[in-house]
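As written, the chains take the letters A, B and C, and residue 1 is the first residue of each chain.
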Amino acid sequence: MAVSHSEVKHVAELARLTVSDARLDELAAELNGILVHMDVLARLDTSGLSAPSPAPGCTHLRSDSSGPIPLMAPREAFAPSIREGFFTVPRLATHEVTEAADAAGPTP
Amino acid sequence: MTPGKYEMVVGLEVHVQLKTRSKAFCGCSTDFGDAPNINTCPVCLALPGALPVLNEQAVTLAARAALSLGCTIHPVSVFARKNYFYPDLPKGYQITQFDRPLATGGHVAIDVGDGARRIGVTRVHIEEDAGKSIHDRFPRETAIDLNRAGVPLIEIVSEPDMRTSREAGAYLRTLRQILKYLGVSDVSMEEGSLRVDANVSARLHGDAELGTKTEMKNMNSFSGVERALEFEFARQCEVLDRGGKVVQQTLLWDAARGEARVSRTKEGSHDYRYFPEPDLGHLVLDADWLRRVKAEMPELPSDRKARFVSDFSLDAEDVDQLTADPSLGEYFEAVARATADGKSAANWVMGEVQALLNANNVTVDALVVRPADLAQLIHMVRDGLVSHAAAKRVFALMAETGKPAAQVAHEHGLLQVGDDVSLAGWIDEVLAEHPDEATRYLAGERKLQGVLVGFVMKKSAGKADPKRVNQLLVSRVGPG
Amino acid sequence: MKSEDFRALHAAAISARVAAGTLDPAEVVAASFARAKEVGAGREELNLVLWSDEKVAQADAVSVKKGMGPRGGGGSLAGVPMAVKDNIATLGLPTTCASRILAGYVSPFEATAITRLRMEGAIVVAKTNMDEFAMGSSTENSAYGPAHNPHDVRLVTGGSSGGSAAAVASGIVPIALGSETGGSVRQPAAFCGVVGVKPTYGRVSRYGLVAFASSLDHIGAFARNVDDAALVMETISGIDPRDSTSANIPVAKYREQFVSMATTPTPLDGITVGVAGEYFPEMLGTDMRRLCDRALDLLRSLGAKVVSVSMPHTSLAIPVYYIIAPAEASSNLARFDGVRYGMRRSGSASLREMFGDTRSDGFGPEVTRRILLGTYVLSAGYYDAYYRKAQSVRTLIADDFTRVFAGTCDVLFTPTTPTTAFPIGQITDPYEMYMSDIFTATANLAGVPAMSLPIGRSNGMPAGGQIIASHFCEDKMFRVAYALEAALGGEAHQ
């Protein structure tokens, strides 16, 4: 399977990476150069297999009253922009707000 | 059934905030209304190197909810990452459950007046909430508060079984009541602990296939949900009547305008790239644990209603009112058992108690009158120690002071006077003060009895036992 | 204290003397910083150390001496200076993962492994250079420039934990922490001529390790000898309530067996060592083969039985690894958006632009490549063919180990790397670089413990031999390593 220029562009969008058109072509070639080695996997029959559980034998559960992990420095020490206790970012455009609504999540 | 050519088909996705003390994957408090970002830690801030650890109580409450809806709980379920970028989604992904959820296959029983129906529940799964983005606090900036990020949620997805907006409303109200009874959530749409997304489509009556559905978001009340569904259904019918096709899209309800607008997203731009969460093992629930959860489940509304009817011989309407709120039902039951008189207890709770709660806009948890004290008051009325009228006054004072009935009645001179000597004295005075009525009454004008009793009650400042007063007056008329 | 005296002391010896009061931790710290200057560990020279602060380290030394730690001055690592790879969270010194996107970021919490080491009196003296976000096999992918191998500055240290490996190799510290996802502790250990250990997955808490690929990441340790490495592993291992993937299995006392081993001529009696042909391919150089043969001969003389085994799915490791690791990384690195910490590109017209600009400016080319690759293999239409398929094949690779350890052998012996350290700038093809992990990535995919120790020199450069054991059988792994190290003696470095 070969990765196209438009697929790399789409993937870069999904990953929020700004990539120039010229670099997109380079990246498509680089990714194809890597993915060609994965073809060997397609030839294997793995129909009876399932992925292992990420942490076999572990269902770690935490008590509801375990208490918070303390921060050893205030948020102001590492936040790029903080005002009245809020993290701030450039104001979202309307369509960005509605996009979040789309993400099947809570009302923004 | 929706009248007209087309049938409305509705499915609802409900997000419910679980009532835990701490978040789903970290020990931060879930308290509402604290200063911004005060309830955050490396985990819910998604600092580099932080890891999630699942809150046991979130699992317990989620299991309780799933059991109450008659779902099958899967002994093994899997957490997954739903990947997308948003400033109030700190990790750049939400931990949720995707193809192996906690529970599947339940139902909610509703009755909108044309018989009981079951609305299917497809699945219940656990996930975490995102933070809050506030767009209008600062100019040109969006403010992010992550106090809510990581609060545990369950998502309850229904089958597309609802056929009218009323059914949708009934489903939500019933679901809400069940979850309230279970103590699983505050289930308040105003506070955001209950959120609803609706899927609605239209098809010709009799068609087996479903029409294209649209998704409606941003409804803030149950009635808002009903109105939004009607709006969108009407719009879809219109499109179909014109020979057009309904486009699958997401709409945002605007309650103020009473209309929905399309959310401007590009097709295919939401690829969430779900994969199993590698930082959490599979959620394995053994049979013993589930048995314990089942055993510790609070009573469900339907069970309590049935019990009230059989234990206290109440009718269905009364029972509905008494079980609307779980705390109210508990209060009623305590009073009923203390007085061994369900009917009186019901009357008092639905009457004076409810009126007081309404007037002060509080729930019964704020009432200082203990069930035992109200029971005592009811006994005093039954035994003639206070008149019914006086009892209302006594109750009001009890609610103010928290003092028991007998004490209040005594302190405020509200005890009924029932001895014949005192009563006779007042009757004498009234007859003397109202000679005209007295003569006519004693001559046989029975209809004046009420008036005279009224005068006696006034003279006695409400303390006279009206029943005995009536008896004594009648005895003065003499034979004839 | 004199530089050569400092460098002659093992961690265990340092802490013994500090505990006894015959060595002042302040002297040890001073010697460490002096050595760093001596070898040119900083930016302009070997570029092994990214961040260090002598004043803070000396303050820690005072605390250790005053016995302010809960274990008093008697901690098992009292006064021992240690270097920490820059993707492990420490208080005080920055944690940048050698990336611009975390420039200046100082973590407000500390990794569990660090806490455990500091509780025993260890002192963090440096954060070390690495491949950006642990993505690389040479420490050339650092935003702060490549690290240079102390044995030959034209050559790479290996990666991604190159700075930590070289810090130990050059005598700046006796112990260091690194991390592994595909071999990033063992490979640089081999290239730098030190001991490097990857524990069983879940043995050591990942809390505080900046995630690259969650199901493959491990914190590991470097030391000049097996005993010190085992000491570090004993200290940092064990279940952590802050890491849901950490294992609830007691930690054995790995070093207890070393005492009795010293007195027996055949300490490996009853141990079977497996040799898999797949780890000795055609392309393996003669020198490497010779050194491995010598090691195997020694193992036999120590009483071990050596048998041939087959690990047929070994060659699938790199394709599988380079689907799973970038996929998980693409998700783990989504949190770097400039909102809450780290670098943020200013002057963006919109939030979308801010995300894009910050991430594009902040991530280097290898990181960008892997995020794109990972996003691609998870995306709709490709998830089944790539990610799901790779996870299934991973089971086959893991089963190879399960099978051989089920009764055929106790440990495996392999070369750690196909070659010795290569020149900086020589390997430019990404996939060719990925092939450096060819012998190490299998252990990460299977989660089994593995370690590298020096087994000799090839053209003057260190070569490593790898010992792999079954899950949670670190004690067996250390047993074989300890015996081999003793038998090799000085020849390990010749």
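The rule is simple: contacts are C-beta pairs under 8 Å (C-beta built on N, C-alpha and C of every residue); 3 or more make two chains touch, one makes a residue touch a chain.
Remember, it's a predicted structure, so these values are computed and weren't measured experimentally.
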Seminar exercise, completed: Of all chains shown, the one whose Cα mean is least distant from the combined Cα mean is A
Seminar exercise, completed: Outermost chain relative to subunit A, judged by CA means, is B
Problem set entry | Computed distance of Cα centres, subunit C from subunit B, in Å | 56
Exercise. Hey, how far is the Cα centre of subunit A from the one of subunit B, in Å?
Worked result: 39
For this session: State, to the nearest whole Å, the distance from the C-alpha centre of subunit A to the C-alpha centre of subunit C.
Result: 26
Exercise. Out of subunit A, which residues touch more than one other chain, so two or more?
Worked result: 14, 16, 51, 54-55, 57-58, 60, 62, 66, 69-71, 75, 81, 87, 89-92
Exercise. In subunit B, which residues are in touch with two or more of the other chains?
Worked result: 42, 45, 53-54, 85, 87, 142, 144, 146, 271, 273, 278-281
For this session: For subunit C, write out the residues touching at least two other chains, lowest number first.
Result: 105, 108-109, 214-215, 241-245, 330, 334, 337, 339-341, 351, 355, 375, 379
Seminar exercise, completed: Per the touch rule, the subunit B residues reaching subunit A in their complex are 13, 15, 20-22, 26-29, 35-43, 45, 53-59, 84-89, 94, 129-130, 133-135, 137-146, 192, 195, 197, 217-218, 250, 252, 263-265, 269-273, 276-284
Seminar exercise, completed: Residue set of subunit A touching subunit B in the complex reads 13-14, 16, 51, 53-71, 75, 81, 83-92, 95, 97-108
Exercise. For subunit A, which residues count as touching subunit C in their complex?
Worked result: 1, 3, 7-8, 10-12, 14-19, 27, 30-31, 33-35, 37-38, 40-42, 44, 46, 49-52, 54-55, 57-58, 60, 62, 66, 69-73, 75, 77-81, 87, 89-93, 96
Exercise. Which positions of subunit C touch subunit A when the two form their complex?
Worked result: 91, 105-106, 108-110, 202, 214-215, 241-248, 315-316, 318-320, 322-323, 330, 334, 337-344, 348-357, 359-360, 363, 368-369, 371-373, 375-376, 379, 382, 385-386, 388-396, 398, 429-431, 434
For this session: Going by the contact rule at the top, pick out the subunit C residues touching subunit B in the complex.
Result: 87-89, 95, 97, 102, 105, 107-109, 111, 206-211, 213-215, 241-245, 327-328, 330-331, 333-337, 339-341, 351, 355, 375, 378-380, 383, 387
